[in-house]
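Both of the next two complexes hold chain A, though its partner changes from chain B to chain C.
What follows is the complex of A and B.
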């Protein structure tokens, strides 16, 4: 059995930032991650924040990793966590043995939402995140020419990365719509969400005209009279009036059938035509990877603004389960900068949990919570336009929970 | 409308048709739908299709707010038989 004061699951921006803070508080910290490189989702990220200023995730990951190692953090890669359980202390079971710890931080990040499309089991069809990892982490292009199905901030960021790697994107299309599935949206609903892509698709918004986005009727018209060739961003056509009804090929992807789709999501199959490509990316958005929080018995609430079911937590990253903390995308889908500052807060909270309170730590915690709000207000990439509202909902739910459990004790 | 022959659970090759006809004939919960069709019971442990199974089942939307319809159970990743029960 291995032992530490703090065990952190996930070596992404949240987990590594937390590890650094806890180690600086004097704690013995171990970070576990199933991937063979540290950095989590940072490893795939490359975008231009302002003219000439690039966000390079690999450099950010290297910096965090070095800081963590220099602060005395143990990092175990290639280590898959299967189960966590609270006995006297937390017990974490992994492919490389068992760890015992006083505090446990879940920083497991997010996973991609699937969009089932006819033919999506063919080799050459992948999630957009897989294409990002292939290209930016493993340096293998997913193909020569591809189609992306799904329009959201992740699509725009990764389409640009693929283009920078010399891969041709034939076009970006609306996913087919099926009312039954809650993660599927009509073209009109997707267009409404375009505001959150202001930074990633400025030229597109200028051309569609942001006034078209403000009400449902103008959005319907925008789709009805949408240019047949699409509107281009960085030379990549975006089709708000077309969908891919079937991915075709026998042993691998050869192309797709494209059809018109109206604002309500109804497809006109009679206008179907075929496009030849050698790979297809499906981009359904992200949801928090909460499986370990669920296994630990943490209460959950569904908060769509944060991307799905979220473990109950407060602003200093405590859950109601003793010694269990959360940080990063597991608390809601946001950018890497938010994950980092949440990690710092969690690291400080664990320092306080082990060492007890002091004026210094209270001040740092207060500062870190304020930093998170400031960074959110300045964020360029927003996965959901109402994320702030989602965070406020969670804050309220936590306060209710505290009140109710105090009442129950009396 | 989605093509009914579309595969929803990739690991166990369960189609949309199978899911909705099963949900219609038995009025099942997400868990029952999973057990009847094996959707979500393959190697990925339902990490890909769990939401689709939840939505295909006939459960009231309110309950979803405070509960995750399909329970998560350890191990949360596929593991080798020889790793089970070991206490390294």
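What follows is the complex of A and C.
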């Protein structure tokens, strides 16, 4: 049995940032991650924040890793966690043995929602994140020319990354609209969300005119009179009036069937054609990877603004379960900078849990919680336009929970 | 060639070449990459054939969540190609369609 004061599951931006803070509080910290490199989803990220200024996730990951190692953190890679349990202390079962700890931080990040489109099991069809990791982490292209299904901040950012690596993008399309999928949006709703992508798609918004996107009627008109060739961003055509109904190929992807649609997502049977490509990326959005929190017995709430079911937590990253903390995308889908500051808060909270309170730690915690709000307000990438509202909902739910459990005790 | 050796922002990479085997055929990989990346760089996209239907499957999520890329590595089955580092001399096998003697009343298909 291995032992530490703090075990952290996930070496992404949240987990590594937390590890650094806890270690600086003097705690013995072990970080577990199943991938062979530290950094989590940071590794694939490459965004131009301002002209010529790049957010290079690999550099960020290297910096965090170095800081963590220099602070005395133990990092175990290639280690998959498959069970956690609270006995006297937390017990974490992994592919490489068992760890025991006083505090446990879940920083497992997010996963991509699958979108089952006809033909999606063909080799050459992959999630958009898969293409990002292949291209930027492994430096292997997913193909020569591809179609992207799903118009959202992630596909816009990754389309640009693929283009930088010399991969041609035939176009970005709306997913086939299916009422039965709860979280699906109509083309009109997706267009409404374009405002949140202002940073990634400035030329698109300039052409459509963001003022036109404000009300439903003008949005419907915008789709009705949408240019047949699509409007382009960085030379990549974006099609708000078309979907991919079927991915074709026998043993590998050979192309896709494109169909025109109206603002409600209904397919126009008479306007269908075929495009030849050698890969297809699908994006159904991101959701928090929360299974371990469920195993630990943490209560959950469905908060769509945060990306799905979220483990109950407060602003200092405590859950109601003794010694269990959360940070990063497991608490809601946001960019890596938010994950980092949440990690710092969680690291400090664990320091406080083990060492007891002090003026210094309270001040740092207060500062870190404020930093999170500031970074959110300045964020260039936002996965959900109402994320702030989602965070406020969670805050209220926590307060109610505290009140109710206090009442139950009396 | 589908390797990005010179990237406009990320710069150049030069990594050591190593050899491994897919279904007993020799392939080259770069040290430090995953089995999935090495196979894609060799233009191989089919990582297994579905147990029941026999349809070809490749990577889907590439970050360990979906288990679509499971292969046999040095005798161990169900290994995720996207999470496992390729090593010199490694023997990787694609999973093949399995017999289904109890389906369709035990009759030959």
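Here, the second predicted complex is superposed on the first by the 410 of 410 C-alpha atoms of A that agree within 3 Å, B and C clash if a C-alpha of one lies under 4 Å from a C-alpha of the other, contacts with A are read in each partner's own complex, and residues count from 1 in each chain.
We adopt the following convention: a contact is a pair of C-beta atoms (placed from the backbone, for glycine too) under 8 Å apart; a residue touches a chain by one contact, two chains touch by 3 or more.
Predicted model, so just to flag it, every value in this text is computed and none were measured.
> On the A-aligned overlay, A:268 touches which partner chain: chain B = first, chain C = second, or both, or neither?
So A:268 meets neither chain B nor chain C here.
> So in the superposed three-chain picture, is A:34 touching just chain B, just chain C, both, or none of them (first/second/both/neither)?
A:34 contacts both chain B and chain C.
> Quick check on the superposed pair: does A:395 touch chain B, chain C, both, or neither? Answer first, second, both or neither.
Neither partner.
> If you stack the two complexes on chain A, which partner ends up touching A:121: first (chain B), second (chain C), both, or neither?
both
> For A:403, decide between first (touching chain B), second (touching chain C), both and neither.
Touch partners of A:403: none, neither chain B nor chain C.
> Looking at A:97, would you say it contacts chain B, chain C, both, or neither? Reply first, second, both or neither.
first
> Scan A:221 for contacts with chain B and chain C and give back first, second, both or neither.
The answer is neither, since A:221 touches no partner chain.
> Just checking: does A:133 make contact with chain B only, chain C only, both, or neither of them? Give me first, second, both or neither.
In the superposition, A:133 contacts chain C only.
> Let me test your reading of the model: by the given contact rule, A:111 touches which partner, first (chain B), second (chain C), both or neither?
After superposing on A, A:111 lies in contact with both chain B and chain C.
> Under the contact definition given at the top, report the residues of chain A touching chain B in one complex and chain C in the other.
Residues common to the chain A contacts of chain C and of chain B are 34, 111, 114, 121, listed in rising order.
> Which residues, counting only chain A, touch chain B once they are in their complex?
Contact set of chain A toward chain B: 1, 34, 80-83, 93, 95-98, 111, 113-114, 116-118, 120-121, 176, 178, 180-183, 245-246, 267, 287, 290-292, 294-295, 299-302, 309.
> What part of chain A is in contact with chain C in the complex they form?
By the definition above, chain A touches chain C via 34-36, 41, 46, 54, 56, 58, 78, 111-112, 114, 121-127, 129-131, 133-136, 138-144, 164-166, 251-252, 289.
> Sort out for me which residues of chain B touch chain A in the complex.
That would be residues 1-3, 5-8, 10, 16, 20, 47-49, 51-52, 55-56, 64-68, 71-77, 79, 83, 87-88 of chain B.
> Enumerate the contact residues on chain C facing chain A in the complex.
Residues 2-5, 7-10, 13, 32-34, 37, 40-41, 45-47, 50, 55-66, 68, 82-85 of chain C touch chain A in their complex.
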